[in-house]
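These notes open a run of structures that come right after.
Both complexes shown next keep chain A, but they swap its partner, so chain B is in the first and chain C is in the second.
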Partner chain A sequence: MQRTLFLLNAPHPGHLPPAGEGIYAPSFTAMNKALTYGLLLSVLMVIAPHADHLPLWVSALCSALLLWRAWLTYSGDPLPKRWLLMLLTFAGTAGIFIEFRTLFGREAGVTLLMLLAALKFMELRAARDAMVLVYLACFIIITNFFYSQSIPTALYLLVTLIVIVTTWIHLQAQSIALKQRLRIAAILLMQAIPLMLILFVLFPRVEGPLWGLPQDAFASSGLDEEMSPGSLSRLSLSDAVAFRVNYADKVPLRNQMYWRGPVLWEFDGRTWTPGITTLTKTPEFTGLDQQIDYTVTLEPHNKKWLFALDMPDNVSVPATISYDFRLLNKEPVNKRLRYVARSNLVYRANLQEAAQQIKRALKLPMQFNPRAQQLAAGWRSAGKDGAEIVGIALSYFRQQGFQYTLEPPLLGVNSVDDFLFETRQGFCEHYASSFVFLMRAANVPARVVTGYLGGEFNDYGNYYIVRQSDAHAWAEVWLAGQGWVRVDPTGAIAPARLQGSLSASLPNNAALPFMARNPPQWLRDLRLNWDTLANQWNQWVLGYDSERQFAFLTRLGMESITWQKIALNMMAGVGLVIALFALFMLRHLFARERDKVQAAWLKLCRKLAKAGLPRAAHEGAQDYAARIAAARPELADAMRDLAARYGALRYGALSDERAQLEFIRLIEKFPSLI
Partner chain B sequence: MSQSLNNVIRQAEQIVLGKPQQIRLALTCLLASGHLLIEDLPGVGKTTLAHVLARTLGLQFQRIQFTSDLLPADILGVSVYQRDSSEFKFHPGPIFAQMILADEINRATPKAQSALLEAMEEQQVTIESTTRALPDPFFVIATQNPSYQAGTFALPESQLDRFLMRIQMGYPDAQAERGLLSGVDRREIVAKLSPQMESSELLALQKAAREVFVSPALLDYVQAILRHTREAARYTHGLSPRAGLALLSAARAWALLDERNAVIPEDVQAVLPGVASHRLQATGEHAKQNSDALARELVEAVAIP
Partner chain C sequence: MLTALKQKFRTWAFRRTVETGTVTLTQRSIFIVPTRQGFALAFVLVLMLLGDINYNLSLGYVLTFLLTMVAVMSMLHAFRNLAHIEIRAGRADPVFSGETAHFLLHFNNRSKLPRYQLCLAQTGESFRAAVNGTLSFDAPALQDTEIAFPVTATRRGWLQTGRLTLYTRFPLGLFYAWSYLHFDTRCLVYPEPMSGAPLPSGNSPEGAGKRSITGDDDFAGLRKYIAGDALPRIDWKAYARERGLQVKQFTTPLGEELWLDISDAPDRTEEEKLSRMTRWVLDAEMQGLRYGLRLPDGELPGSNGIAHRDECLRRIALFNLPQAGQ
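Up next, the complex of A and B:
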């Protein structure tokens, strides 16, 4: 027993760790508490984002089940009886069926999955159940992308994935410390990156949204197909991005950035609507000039119209131009759409207009707004022509003390009269609406156009961001010899609105969203940087469709691309990555004998040999240490310690990196003997 | 290591004086579930060592004195006709015990030898087509006189291979011999010894010995030794894979005795003479050499990788 003892972790020889059996053998002992909490956290994190759209009772039931399970774990009480679980499962499933009228499809399916995941905890007894929960959590990650694919969502789910993998490692090897588990999880995920990149770049892309059901609409707030007092000012409170624009070379002036949306013809005294027409005439443009080329990335808004500057004559998607110059897509835009378009800032539009259209552009509900009609009748009877009447109306707005505000007073039945003669405070829809009303009453054909004006320039990404807060309404009048001419009465009251931001044109901007006011410069920069990033994400990650894939692969030098070729390349790439990892790991396995522990030990032996105490080739560490100890008693303790450490590290069952480093450090420190 | 194993060693050292290495090797052999061959002249304490081990480990003990007229039935047992019940009744032989001392095994004929050796290998005996299991643990210590003595049948290599280890006792040193001569009769002390261990505890220790960790680095060393015996010109034939396994299991047991849960090269070196000496034979000019010295040379010839 004179030899130094090592590996004292075994209290009794009968309880030595089984030789050769790794620490990764899954144990099927009772679930330990920390592991259960880890699983609870994993599942909670992965289902939490769904709370946003799950039926309230499902969210409540899931939270209650998870809380219950946490309490049972804490208190150590037994799990609920089988019949109770059956009852809960059937009741929950029935509830979902009643709620959705089906158990299939995205909504009902996801809801059912959430419920079952929470219920699975109630029979979490063995490692096998835990394994099921881990897989379930991984699967639920995907369902989150049905609802949001933004960068924050992706980052959140990455964190969630790390938590899940950490729990998984805990399940496989209960003896590893938390920090170590996190490290292993991070390494595992990093090792997956090359595979992820290959699969992302090469996986054949399916046309259309991957999980696209026709009703798969993204919740959208955007321009509506009708306009009433307050509808645009409400929209201008939203910070959401409507679309982003890249101008190819020339950038139009700000007061020319009118993005045409719905064109409204019919007025019922309060609300403007597009109305119905059977006309399928294509518009006629003459005298086109000042071409502008640009690319629009439109956020999904579930409507058919696309936005273009006046007047578009070329667009890269199969869209048509309606008789009132709107750009209409074939189907509603329910996923992000990118299109290249060309517009002419100088134009003559529909110099010859159909009589039917002129008639529509003059129609008025005669029973409302008598004073406005009277005012306009006065202009008409003075014998002025269309252009003159427009000028009179604009100067009327300028001179009568009108105010531009986001919070106008409420208007009565005669909304135009109330606005023109009583309140005189309004937002763009009030001005557009009353202007068109006055024009029609003065017998000048006119209509309301809604859309967006301007946008924010992002000099980090060199593109314009058009937000919902840039929503605008203006007027268009038809003048003989000039066709349809854009008139923006808002410009008469608040010229700044046409030149710059909304906040500059409002006297009191407290009601605007924080970012639409005047934020500090750094915050502005941050936001623009973030939007640049989001734009890149949209363009290159989410927007990486088959077209981009082909373009990208062509740029990489792949010729005559086919699906088979892509799939083959993908498999070859995946195989290569796996082979490389396997090679790396096997090399690691074979390299064990040339490990750094042995190198350090041999270094020590060389040092002692120089001092005249060489180790015989067949001499083991312990024997050598004993011999040195006899010859040089002052080294006895250090040598015995080192020999014991060497034995444990080189021949022991557990290889502990810290102990290895400590051993190497001790040898570096070993005194020079010469 | 268990306290009782310590006690066993201490008690044995008090009686078998001056032979701590032999005691440890004998215990190693026992923990590795192997059988032990002790080869030496008569009267150097072979029988005493076996006796002491059996007593202190609390094992049933049987001694079989091998003679030239010993028959297999004398070892295994025989069925005798019972007149009152008109049946044959089996009378178990001395082999049905946990520890057998087969004294002077090379004085018996090969036929009697092989009866014992087959029982050792199978841990069961078949008599008149009935197979009977031998107790567990089952441990044979055979003693053998040097083969140059008169009236001996040397065990062939194949049978020597059944023994995990062969050790030699050697004469005691002066001090130990003085103690021996002046002390009480050894046989009397042995009779009074008390067991230090249950047989179940011994089984647990044997299991623990099998589970001592062997690292790839150590396997490299063992393979280097095996390779050397096969390549060097000194030996008529190299060590077999079975000898390699024996070396490993003995080294594991030695490591356990040393309170370690992993084998280090020193363990292999400690058991190598015991495991290899009766399996190796020197060629030509070395043939006369003491086989223990041969094994020690082997230790020094192989570098630890």
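Up next, the complex of A and C:
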């Protein structure tokens, strides 16, 4: 224990405030430099991930403002004048309005928030401003989740949170060293994590949205509802995951993994679109066989359609099967959606097709592609039936030197003619498009189907990953007596595409995404391991909704779940953990340190009592020691020493831990007298 | 009406007796409420939660709950920051009216946990401490920290700190944890010495006074420092040579006593008279005179020295005060 000697009227060392400053209130001290740098770092860290989608000038302005503030802090120059700030704020807001045409909505709102945070630094003077910045930084973290909720994002933001809380503590107590502040921040976060987990699992989940979800809420990439030359090959360059599939038991062959998406009926000479139909009949399937059960976890794509293998007849979410066998969700899929479906690999679909649909499946823009129409007319006039014409067309592709490539030459107005007779290089959309065109010209009802083909098997997670690069287009023809039959003209040119990955079917120099090429095995393993983790993360963390919550709690053994019950459990759990923390944190404070000394002393007394020298109730330590010393001279020195130590530890100023330990050690060593 | 009720509630909830010995802060004596910043954070958290629900942001939930729980845990940390500090009131050395009295308080932190940003202030009208006049300090682990709490002395007599509030907003400023300290330590306040008040000379023989105004010639030796000795008398050279604090002693001048009598003071009010008396005592002691004090309630025989001076000042300070005791 340290004591400071104070002399009368002598200058007080230590804790008196310096004369000039006098008495001060802690919450309104001037901003110090280290604190400002901490705040700058916090805000920089939360803004940085936004850099890739903020308008360039906003990123530049924010960086400039932060740098400027850092310089002002370093040099100690005064902050800019108020009118300049007003001007900057006004100009920035106007700029954002011009950029986005609004100040509301997600993009504009987030951008505005960044700008205001950076501008707030320019009037950072008092603790109150610093507090606003800390709260703002916390709030901006959440806007990051609009763009990414991946594991790396989560880890990055945890680090950011440590920085923010460290700065927050600094704001309250400027006397603490950085290392100590970091420690306190880490402890606070560590203690909060288990509590957060309880809340996360048990907080009654309300299915959003609470108010109209803005249409721009989620970024989307994926299949479009139309197809023109180049649209799918562009998609093939993306490594992004479209969905993941778990097969329940049987796994279909690779060349049967056709994931059906939009079905395209109408052609304007260049672009295929779904067209409009007034038909509301339900599809008819007969001769269904080879059932496959599987679970799909679909990434949000902001469109209504769900993906299923041909032909789906059962799905776990309220979706309808359209007349052209598409699975349509009630709402656009704007969050990760998990559904169980059953498909039949063997089927006969719409054996009796409506005349209206047959007519649609034969419609052609007559003014384009005369040569292709001529070629098909030749097949038709040869008197072949539908199935034979399909065969002729496929062998045409096979024999006329067609090539499968991601980078086909540009096509002119007569895109089908150019492709069939001039360039003869194309990606799946070229083949599907020209094949359907030929079929229609040959009077065989046909349509284009887009979707995904195949997928990559992840043997660590035992599921298939279907990426955007697996996007594919194929054809369906309607044959009397067989219904709609799938024909994939790409298979005629690049059979490998049906069997394996895209890379196997393309020449090596193709501009494929890195992972779609043939990476080394270890990299593939790493990649698959990572995807397994990401999948778990998606399923359990990001996809944790009321349904999952219900399922999880049921599995934990909770019965007849109501939200009141969940909330009650949550509060009980949180209360219990907090009580445990309180016990742990306060126990060592309230445990009386001197008790150890007392206990040791009593032990000594017991030893002596056994030897027939009990301590009288009224007897103090010194008196007792004196009496023992008289009775047993050989113990005199040790006894006097111990009594003196005991007095000093128990009643004196001495509370040094080493002295305590020494005292206890001496008593342990004290000879047993019997 | 409401104010009266509030006041009643406070008196009941925060009733405390005046302490004489050591106070240890326990659960029962520490109170805690959220600060305005705490409420502001709650508001921000509610906004964040609404956003999470609306946009189905799972990581948003994680962040919101994490921050909520950091805030809740900060309450426990604020409480712990005060818990189990032993506080003992020390001396408060006499001062003159108009000066600042320093009440020494010992904050003994027996735990291994350093306590940060403890604030001490006089308890104001509200249950919260007055913002101005706050002293803030840290109490390092396993140490006894001595704090001099300043109170401006405005009147002669006994000065007390009244009820003090020891509070902390550490670590995040979201919660205000506080405890009341009310020690019976008193600080003696002497009247403010009147300026330009020469010693009375009427009843003092000319020669006696003059002869005693001597300098270092009459230096008689050194003795050990006793608390209360005047600073100019300390032999700083000896102190620098690490011989401890020694006080120079001077020969007691011979001669007749100088009687400092309140009836000799020409002032109108009693306070002014006492103020003049204070000056006389100080001057007489400074000049090394032998002086006695005569007040209506008694007199002190002529003597000299620090102890005598202090006794005289004490009599003057406490003269005619209802509370004057001891």
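In this text, the second predicted complex is superposed on the first by the 499 of 674 C-alpha atoms of A that agree within 3 Å, B and C clash if a C-alpha of one lies under 4 Å from a C-alpha of the other, contacts with A are read in each partner's own complex, and residues count from 1 in each chain.
Here is the rule we use: a contact is a pair of C-beta atoms (placed from the backbone, for glycine too) under 8 Å apart; a residue touches a chain by one contact, two chains touch by 3 or more.
Predicted, not measured: the structure shown is a model, and the values here were computed from it.
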Touching partner for A:203 - first (chain B), second (chain C), both, neither: second
Partner chain in contact with A:544 - chain B first, chain C second, else both or neither: second
Touching partner for A:650 - first (chain B), second (chain C), both, neither: first
Which of chain B and chain C A:138 touches, first, second, both or neither: second
Which of chain B and chain C A:161 touches, first, second, both or neither: second
Touched partner set for A:102, first chain B, second chain C, both or neither: neither
Which of chain B and chain C A:585 touches, first, second, both or neither: second
Of chain B and chain C, the chain that contacts the larger number of chain A residues: C
Touching partner for A:619 - first (chain B), second (chain C), both, neither: first
Shared chain A contacts, counted only where both chain B and chain C touch the same residue: 1, 3, 6-7, 10, 12, 14-17, 593
Residue numbers on chain C that touch chain A, as the complex places them: 26, 37, 40-41, 44, 47-48, 50-70, 72-74, 76-77, 79-80, 83-84, 93, 102, 104, 108, 110-114, 116-117, 119, 131-138, 142-148, 150, 169-173, 227-229, 231, 245
Chain A - residues contacting chain B, complex: 1, 3, 5-7, 10, 12-20, 592-593, 598, 616-623, 647-648, 650-653
Residues of chain A touching chain C in the complex: 1-4, 6-10, 12, 14-17, 23-27, 131, 135, 138-139, 141-142, 145-146, 149, 153-154, 157, 161, 165, 168-169, 171-173, 175-176, 180, 184, 188-189, 191-193, 195-196, 199-200, 203, 206, 208-211, 213, 217, 335, 541-545, 574, 578, 581-582, 585-586, 588-590, 593, 655, 657
Parts of chain B lying in touch with chain A, wherever the complex brings them together: 1-2, 204-205, 207-218, 220, 256, 258-266, 269, 299-305
